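Please go over the structures that come below.
Here chain A shows up in two complexes: once beside chain B, once beside chain C.
Then we have the complex of A and B:
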């Protein structure tokens, strides 16, 4: 394993790329821009305001701006920027950046598989894929080429997925499921019987564990910062899976300790004591009790219980944003790359939210987004008072 | 005889008119009810739809773009719209009902990793909107059908009231007038006949009298000459008066 390098050697390999990403940090939409955007009455106004920002160039072509167009343009812009960073990077940063894209690859593969089962057109599906998680064109096309029967799926895995970076997660998932199902090798059965969302959650779990292991092997500040971010993310997934499983078959007593438990990542602050308690949680109350044991999540849970305006998702997003912003505060580590992508994602969510609110004339809700690198962020206010 | 036929017709027309009038009133009452219900549903519809689409935005904010996942899923209808027929005063109104097919949603675990609650909230909102939409469709269709039926009924009522019944009445009065006329004619004819009969009787009597007179004449001749003189005297006077 190549070391990331410390204070004296980091910049030899990765200094330029880090400088790039720190330069890109300037492209975030500022507080005043957000303020102007929230004052807009029409989408044309929004577009006019955005031309001042970093998105100006990518929005030039569209005559009318819809939230969907904006999202597509912003995601494409992020992908271009990311590809640029990736092309400058050397190991182990290159690997790190690849790890970031695996998440989107998982999403794309799941989308392709589901689309194939529903018999959709491959070109349509490829057009919908997330640009950060693109495979080679031939790989994507071959996903559909396989027949949708048991042999077809087995072939699909052996010929296509095994080659892709996310193949390892698939094989882990199939192995674990087939142990449960009993009939080994029946990929199709596994794929058909398990819902796509559950497969996705399992794959994300393997991805998080893998990414975590990779980051801790890098050591140094990267490990410190990334492991915290990923731990929090793993905990978020565990809590969310539990919360969202209520009212679905996953909450059946028989499924709780087997199927649902398998979706909890084996990293994070909740693991192992917290996750074993989560596995027993049968309703919101018991989940709340588990959360109250962890101060970081108790406040998020309080949002879910008390406030209708802000949901638990908002609380998690806000905390993620704070963590990711903090990743920019120190140097000589990779955390800022991950943070950059995640913060951009949040920014895209914000912009889509604002434009949707403007379009649907929901003036009172327009401020329910999470400003990034804002001096007014709640967590900075708290720090100031301290 | 014809009068009897038309009297029957008139009775039927009036009866029909009364019945149709009743039907039109019943339809009008129902029509108002529907109009009220439509206004109410439409009033809430706008807000509900707005809320539903906004909840979708909220869900997308929390869970990312899950539209694809929904679109790629196998589409088994969870609700179906069935139509039944409601009968209002003989007018058949279509009624749409939402029926749960009992199919299990395949997207229950959507947003498992985040935003599932918001997606569920959005799902509930849209179910409500769908329910209202079907209700509104049902009401609106009934409304239009009712409107049509009401127009037809009103046209019939008006036709009966303003055309058919007056025409029958006209015919009836014509018939009675004709009958009266006939009666009068008969009467005068009878009178005339009676008169002529009387005259004839008088003549005959006069002739008989004359015959009697003649028979008696041999006895009383001067009387007759006196009589004749008196008559001629009057006649000349009459002629003079007319001339004058």
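Then we have the complex of A and C:
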């Protein structure tokens, strides 16, 4: 394992790339830009305001700006920036950046599988794929050719995915599910739609565990910062899996401690005590009880229960944004690369939200975005919600 | 002539590591002092320059205005090498070739001041080392501060002067080294003629 280097040696290999990503940090939409955007009455005004920002160049071509166009342009811009960083990086940073893309690869595969099940056109699906997780065109086209059952997935792995970076996660999933056919296996075939979600959750679990192991092997500040971010991520995943399982066969008492439990990542602050409690949770109330034991998640859960205008996802996003901003507070580690991608994603969500609100004339909801690197961020307010 | 643990009886037999101090020529010690003083200073300066330089170049991609201002950080690192050069010249001035009358066939005549000679040799060596080691530390710390300075300046121009002050303090570490080095070497004049 190549070391990342400490205070006095990090810059040998990674000084330039780190400075680049910190330069890109300047491109986040500022408070005043957000303020102007929220004041807009039409999408044309929005576009005019955005031309001043870093997105100006990428929005030039579209005559009218819809939230979808904006999202596509912004994601493409992020992908271009990321590719630039990737091309400047050497090991182990290059590996680290590749790890970031694996998540989007998993999402793309799942999107393709889900899309074909719904009978959608493959060209349309490929156009929708996230540019950070792109495979070769031939790979993407062949993903959809397999049946959505256990044998189909095994074939899919052997013919297509074995060569891709996410192949290892897929093979782990296949191994695990072949070991556990039995009573559960019969119910499995009934699931279909849920099946895709289960595959996705297990792939993400293996991905998080793998990424976590990689980051802790890097050591130093990278391990400290990334392991915290990934732990929180893993906990979010565990809580979401539990929450989404209610009302599905996964919440069945016989499956809770077997199938559902297997979807909880074996990293994170909840693991192992919290996840074993989660495995027993049968309804929202008992899930809430588990969350209330962990101060960080208790407040997020409160958002879910109180049912104000923020969902539990918003609470998680807000907490993630605060955590990711912290990665920029120290120098000479890899955390800021991950944080940059995630914060840009959040910014894209913000912009899409604002433009959607402007389009639908929902003026009162327009301010429900999460400001980034802002003095007005909720987590910087004294006594504000956390 | 005493015998050592291995039972060596020869007059040329080594008596232990302490002989490194006494059997090496003070001219050798002095020259090594200059080499370490200059060499380590340059290592420190070079280290600082690439720490700063790589960050400076990267940060200047998105914020080109920082590129000339932050050359100051590079100059601070360079100063570290200049301390080494100054010290090398000063130390070199202390080392004199003995006068022809003071030795015959490569052996010093009666009346050669061995004590001053050894004192000067160790003095020059150690002042070279003082300067070299402090300058490695100073160079690295100026480099780390300079790298942060470039990144901070790219984000917020008002931070530049503040971080520059941190760099000046890091740079002062090298100045401590050169001050002490000069004082240390002051009395280390090599003898060049026989006593009286």
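Simple rule for what comes next: the second predicted complex is superposed on the first by the 345 of 386 C-alpha atoms of A that agree within 3 Å, B and C clash if a C-alpha of one lies under 4 Å from a C-alpha of the other, contacts with A are read in each partner's own complex, and residues count from 1 in each chain.
Keep in mind that, in the parts below, a contact is a pair of C-beta atoms (placed from the backbone, for glycine too) under 8 Å apart; a residue touches a chain by one contact, two chains touch by 3 or more.
Everything quoted here is computed from the prediction, not taken from an experiment.
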Looking at A:331 after the superposition, I want to know if it touches chain B, chain C, both of them or none. Which is it: first, second, both, neither? second
Should A:357 be classified as contacting the first partner (chain B), the second (chain C), both, or neither? first
Which of chain B and chain C A:241 touches, first, second, both or neither: first
Per the contact definition in the header, classify A:25: touching chain B only (first), chain C only (second), both, or neither. second
Regarding the shared-chain residue A:15, is it in contact with chain B (first), chain C (second), both, or neither? second
Could you say whether A:7 touches chain B, chain C, both of them, or neither, answering first, second, both or neither? second
Quick one: which bits of chain B touch chain A in the complex? Just the residue numbers, please. 50, 53-54, 57, 60-63, 65, 68-69, 72-74, 106-118, 120
Enumerate the contact residues on chain A facing chain C in the complex. 7-8, 11-12, 15-20, 22-27, 331
Which chain A residues qualify as touching chain B in the complex? 71, 111, 114-115, 117-118, 120, 128, 195-198, 200-201, 204, 236-237, 240-241, 243-245, 247-250, 263, 304, 311-314, 316-317, 349, 352-353, 356-357, 360, 362, 365, 369
Under the definition above, what is the set of chain C residues touching chain A in their complex? 47, 50-51, 53-63, 140, 143-144, 147-148, 150-151, 154-155
